[in-house]
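Once you scroll down, you'll see the structures, which are given as structure tokens.
Across the two complexes that follow, subunit A remains constant while its partner is subunit B and subsequently subunit C.
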Partner chain A sequence: MIYEVFRQERKGQPFTHAGSVEAPNGEYAESYAREQFGRRGESVALWVVPRSAVHEIDEFVDELERNYHRVDGYPLKEKLKEARERAGTAGDR
Partner chain B sequence: MEAREQEFLEYVQSGGQVETSDWMPDDYRAKLIKFIEMHGNSELMGVLPEREWILRAPTLQRKLALTAKVQDEVGHSQLIYRVVEDLGKPREQCLEDLISGKAKFHNVFHYPTKTWGDVGVIAWLVDAAAIISQKALLKCSYAPYARIMKKICWEESFHILHGRDVILTMMNGTDEQRELVQEALNRWWGPLMQFHGNPIAKEEDPMYIWRIKSQGNGEARQQFLDGYVPQIWELGLTVPDPNLRKDDDGAWEFSEPDWGELKHVVTGHGPMTEERLGLRRATRDETEWVRRAVLAQAA
Partner chain C sequence: MNAQELLAIADDELILGWRNSEWTGIAPFLEEDVAFSSIAQNEIGHARAIYQIVAAELGTTADELAFDRKPAEYRCSQFVELRVVPDWARTIARQVLYEQADEKRIKALMESEDEQVAGLAAKIDREEAYHRMHAQMWDERLQDEPRYVEALEEMRPLVDRRDGHLPEFEQLWEEMTEVRRSVPGATW
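After this line comes the complex of A and B, so read on.
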């Protein structure tokens, strides 16, 4: 079975994917992960997860064009230009 | 080339990276498996020249360091075979192809280690040459391989220090010790110059075309010479090539490496090929019961 291993480098940091190990059960997976990703003090904690338990989502369809909660939903350049012209301050800068 | 393959090629050539679950051309997958498998084989076979010196290491500290290095390299081979496995070739099959002589491994691991000087030269210069190749894989278009290379390069950086420490200790020792280092350098220079492969233009190298590696063979060799010849010279050692010099443009000139020898050796005819593969075969048979016991106990 394949187990994915995530490691935390220091307390407070996020766990990041480190690699994977092949093992016949969780106990062996833990000991292989410890040897592969923790024996030089490079990790303070590991998560060892059966690959089948990882649900990958890699499609993000924006059906409703919900750009109002993103930075690219607010193109202000043209509007600012128009507002400055309206206010007569366009040449001040 | 069909349109989808052309699009993929343009994607990787513009720096795009690929994950295991992404679509990829069959040719790309086949090239990846062949390249990465050979790397895994080399890590596994690369421990044997050093293993031969664990029992003969001059001090306890050296013995421990060598043992730790062997553990690191075997660990690298496990990580690398995992990458190959996810591409579709099981580890067991890789090991079978290795011990049957069907698969290749790097030229430098087909040679004997005659003295402790050889151990130093391997740990310093063979590892240095290998790191140059491995750093060119950090930008590999196949992302899972690139990610695992980060960890491997990090561990290799200890190894090269260990090698340099062995060499410096001997160079600061007796005339006899300095002589051992010089003799070992003479033995290893040829294989080291062959290490990065024939000087095929990178634009014609399929491994570069698919951006599996990010530099050509000739570039890697120049980088090796640039980084290490000055370090060799400053210790009072002589490089056994009368034509070695840096030209006015900063490029190294050298005698043409023996490409016939390289081909002969990597196709399974090196001085130690049979003996080392034989050891792999024997240990694989001897440890069969361990694998059976582990799998039975875990079931």
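After this line comes the complex of A and C, so read on.
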């Protein structure tokens, strides 16, 4: 069975994907995750999750190409320039 | 606990660590390879820490104790000298029996009147907890496997045999001390 391992580098930080381990059960997975992602002081905590428990979503429908939903569909550069001119701070930076 | 008894423990850890490291690169699967190699490294680390305490008492160094004695002077058991590669069932059988015996020994050291020894034993015990977990996990997985059960029976009487060394110990010693003997006094 494949287990996905997430690690937290410092307390309070988000967990990030560290890699995966193959193991016959959760107990082995824990042991292997410890050895591979925790023994060099690189993690303060690990999440070990069976891959089957991870719901993967890889389809994002955007048939009408509504670019205003996307970051690149909302350019700020021009708007910022105008705002700065109005405020009389243009050219300060 | 006198220096000679501590040396026996350190020698056991060094030689078992050496034997276990023979699996590096060829363990049954990748994750186990990493885990078992790391256990081997920990064992050698425990040996080093114990040698340092003994060395201070005997007026020598950990490296000299580990590498400069003659084979006959090592106090390890024949049990850890056994070359078990490529037999994984025997490897795990030895590991399980060793961890059981070692746990008792380490717990006794934790009660030592020598604070330095007791302190080190407590640290070692915290690492050994993971080794024991690993051994137990394999024990449960292989418990119905005839080859494993046979290996346990075959090896159980050998755990604390210290009357001389096995023939294969000589070769291990040769390999283990080769670099040190080729450049006496080198440090790195």
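A few comments on the model shown:
By definition in this document, the second predicted complex is superposed on the first by the 61 of 93 C-alpha atoms of A that agree within 3 Å, B and C clash if a C-alpha of one lies under 4 Å from a C-alpha of the other, contacts with A are read in each partner's own complex, and residues count from 1 in each chain.
Criterion: a residue touches a chain if its C-beta (ideal position, glycine included) is under 8 Å from a C-beta of that chain, and two chains touch if they have at least 3 such contacts.
This one's a predicted model, so the numbers in the text were calculated from it and none came from an experiment.
More residues of subunit A lie in contact with B than with the other chain of the pair subunit B and subunit C.
In the superposition on chain A, A:Glu56 makes contact with subunit B only, while subunit C stays out of contact range. In the superposed model, A:Val21 makes contact with both subunit B and subunit C.
Contact with neither subunit B nor subunit C is seen for A:Pro75 once the two complexes are overlaid on the shared chain. Once chain A of one complex is fitted onto chain A of the other, the partner contacts of A:Glu35 extend to both subunit B and subunit C.
Counting contacts by the rule stated earlier, residues 21-24, 27-28, 35-36 of subunit A appear in both its interface with subunit B and its interface with subunit C. Only residues 21-24, 27-28, 31-32, 34-36, 39 of subunit A touch subunit C when the two sit together in their complex.
Within the complex formed with subunit A, the subunit B residues making contact are 21, 75, 78-79, 82, 85-86, 91, 147-148, 151, 154-155, 294-295, 298-299.
Contact residues on subunit C toward subunit A in their complex (touch as defined above): 29-32, 34-35, 38, 130, 133-134, 137, 141.
The touching residues of subunit A, counted against subunit B in their complex, run 2, 17-25, 27-28, 35-37, 40, 42, 56, 58.
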